[in-house]
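Below, each structure is written out as C-alpha cells.
Both of the next two complexes hold chain A, though its partner changes from chain B to chain C.
Up next is the complex of A and B:
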C-alpha cells in the first residue's frame, strides 16, 4: 500500500512538473476559461441578472470545456515518444498510473475552478452564501471529471481523432455530474431554493462510483 | 461462376418473413382493431384520455424494451470479448450496439411525438427518464464513433468493450428512474409490471414486443454477418499485402 501511494505521488509529481515547466495551464487553458466567461457574458447580452442566475451552469460548462483541454494535454505528454509504453513497462502499478494522472488533472482543475470562481464573482457578480458547499462540491466534482477523463483519455490516446472523440465519449457520462454540481452551486450561490447538500451527496456518490469504474476500466486497459 | 456473397440464410429469411407478417398484424391491431383511450369524467361526463395517441404505446414501449435488450447483449458480448478475445464476441457487441443505437433514437423520436399531444411538449428537460435515455443514446454514439476511429477494427475491440460496459450502467438508472425520482418525471410507473392494461391492449403490446425482438434479432444477425465478411476481407487484405511484400523481397 505504501508503494502504491509512493507511485501515485511519483506520477502526480511528474505530470505537475511537466505542467509547471510547459505552463500550458497558465498560458493556454486559463485564458481559454476567461474567454468562455466573457463570451457567455456577451452571448447573454450582458444581462446581469441572467448571468447571476445562470452562473453555476456557466461555471461548470466552462470547467468541463477546460477539463477537456487539460485531459487532452495530459494524454499528449504520454503519447509523445511512446512515454506511456515506457511507463507501463516501468513496473509501476497501472492503478497508480491511473490514480496519479487523475490526481494531477484534478489539481490542475482545482486551480482552474478557483480562477473561474473568482471570475464569476467579479464578472457575473455572484455572491457566495455557503462556502463549504461550494468547496466540497467543487472538490468532488473535479475528482469525478478527472477520473473519468483519465480513463477516456487513455482509451482515445494514440488516435488521430482524439481531440474530437474525447468530448463525444466523456461529456455524456459527465452530464449527471454537471447536473448535480450545478444544483449544489445554485444553492451555494443562493440563486435557487434547492437542498444543495443533497445534490452534493449525489455528486460525491457519483465520484466514488466513477473513480471505481475508472480504476476497473484502467485495469482492463493496462493489459494492452 | 461463383455465387454472390450474401448475409442471408434460410434461417434469417424465415426470421425476416415472420417479422414482416408480425409487423403487418401489429399495424392492423394497433391502428384499426384496438380502441382509442377515451374515458369519461364520473361527475361531469366529460371525455378525457389519450385518444388515438395511445396507439404509440404499441411502438414506443416495445422499442424501449428492445433498446435495453440490444445494449445488454452488447455489454454481455463485450464482457465475452474481454474474457475470450475472439472476433465473434466483438462482432456481436458491435452489431448489437449499432442496432441498439438505432432503436434508442426511435425511442426518443416516438417518445417525443407521443409527448406532444399527451404532455403538451416535445421535450421536457426536467424529466429524468428522458434525460437518462438521451445520455444512453449519446454514450452509444460515442461507442460507435470510437469504433469508427480505428483503422484496424481489431484494435477497437478492447476500448469499445470497456466503453460499452460503462455505458450500459445507465440502463438500470433509466429503468428505475420513474420509481426513484417520481416527482421529477412525466413518465408513469411501469404499465407492464403492474398489469394496468388488459385484454386486447395487453395482447397487442405483447405482440409489439415480440415483433420488435424479431426485427432486432434479424438486424443483429445481418449486421453480425456483414462485420464477419468485413473481417474476412480485412484479413485477406493483410495476407495479400504480406504476400506482395514477400514477392518484392524475393525479387530483390
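Up next is the complex of A and C:
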C-alpha cells in the first residue's frame, strides 16, 4: 500500500512538473476557458439576471470542454515517445498509473475551476450563498471528470482511436456529472430552489463509482 | 537454464500475424543476435518477450513466468530498449532518470548510486544532466534512454537497434555494457541491422523472416 501511494505521488508530481514547464494550462487552456465564458455571454445576448441564472451550466460546460484539453494533453505526454510502455514495463501497479494521472488532471481542473469561478462572479455577477456546497461539489465533480477522462484517454490510446473521438466517447457519459454539479451549483449560487446537498451526494457517489471502475478497468487494460 | 522458451508462438499486430509460429530457446548468459529484413518480426518478438503482447497461440516462458498469464511478473524483470526514447521531453535528463529509477521500485538507499553510475557510464555530464530532453540531439537522447534502461538492471535485456543514433564512442559503450551485464548474470537479445558489430558480441544468431525463425547459427563469439 505504501508503494502504491508513493507511485501515485511520483506520477502526479511528474505530470504537474511537466505541466508547469510546458505551461499548456496557463497559456492555452485558461484563455480558452475565459473565451468560452465571454462567448457564451455574447451568444446568449442575455441580461444580467439571465446570465446569473445560466452561470452554473455555463461554468460546468466550460469545465468539461477544458477537461477534454487537459485529458488529451495528459495522454499525449505518455504517448509521444512511448513513455506509457516504459510505465507498464516498470512494474508499477496500473492502479497507481490511473490514480496518478487522475490526480494530476484533477489538480489542474481545480485550478481552472477557481479561475472560472472568479470569471462567473466578475462577468455574470454571480453571488455565492453556500461556499461549502460550491467547494465540495467542485472538488468531487472534477475528480469524477478526471477519472472518467483518464480511463477513456487510456482506452483511446490502447485501441489506437483518434484523439478527436475522445469528446464523442466521453461527453455523453459525463452528462450525469454535469447535471448533478450544475444543480448543486444552482443552489450554492442561490438561483434555483433545489436541495443542493442531495445533488452533491449524487455527484460524490458518481465520483466514488467512476474512480473505482476506472482503477479496475485500467488494471484489466494493462494486463491485456 | 533457459531464460526464454517459446513454442509455436503466434502473435497478431492489429489483426495481422506478425509472428507465425516461433520456436526459440535462449539460455542464461547468452547474447542472442536477431537478424532479418524489415517486417520480419524482430520488434514484435522483443515486445512479446517483454510481456507487452498477448500471444494468440503457442506457449512461452520468460524467466520462468508464463507468457500468457504472468506478463506483469515478466515486465518487472525485463528491460526493453526500443526505437522510441520513452522519455518525457519537458523534463531534464536527470529528472527523467530519477523518475524512472524511482518508479521501477529501486531501493531508496541505492537510488543515488545507481543514477550516478548510469550517468557516468553513458557519459552524460553535469551540463547535459540539467538540460530538457527536448533540447538534446538524437545521440544524446539515445544515451539518456540507455541510462534509463541500465539503471533498472534487468535480468533480460531486450534491445532493438541499440546502436542507432550513437557515435562510435557511444556504440562501444553499448557493446561494453552488454558484455558486462551478461558477465554479471543477465541475458541479452539484440535485434539489429548492424550485422558485423553485433556478430562480434553474440553467442548465437537467429534469422527471422515472415514472422518465423528460418535459421539458427552458432557463429558468434563462443
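Simple rule for what comes next: the second predicted complex is superposed on the first by the 218 of 224 C-alpha atoms of A that agree within 3 Å, B and C clash if a C-alpha of one lies under 4 Å from a C-alpha of the other, contacts with A are read in each partner's own complex, and residues count from 1 in each chain.
One rule holds in what follows: a residue touches a chain if its C-beta (ideal position, glycine included) is under 8 Å from a C-beta of that chain, and two chains touch if they have at least 3 such contacts.
Predicted, not measured: the structure shown is a model, and the values here were computed from it.
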A:27 in the overlay: touching chain B, chain C, both, or neither? Say first, second, both or neither. neither
Applying the touch criterion given at the start, work out whether A:198 contacts chain B, chain C, both or neither, answering first, second, both or neither. neither
Tell me the contact category for A:49 with respect to chain B and chain C: first, second, both or neither. neither
The answer to whether chain B or chain C touches more of chain A is C
Given the touch rule stated above, what does A:169 touch, chain B (first), chain C (second), both, or neither? first
Which parts of chain A are touched by chain B and by chain C alike? 160, 224
Can you list the chain C residues touching chain A in their complex? 14, 50-52, 54, 71-72, 75-76, 78-80, 82, 84-91, 95, 99-100, 102-105, 132, 148, 152
Would you tell me which residues of chain A are touching chain B in their complex? 151, 155-156, 159-161, 165, 168-169, 171-173, 175-176, 179, 213, 217, 220-221, 224
Residues of chain B touching chain A in their complex? 82, 131, 135, 138-139, 141-142, 145-146, 149-150, 158-159, 161-163, 165-167, 169
Residues on chain A engaged by chain C in the complex (per definition of touch): 3, 6-7, 10-11, 14, 17-18, 21-22, 77, 80-83, 85-92, 160, 222-224
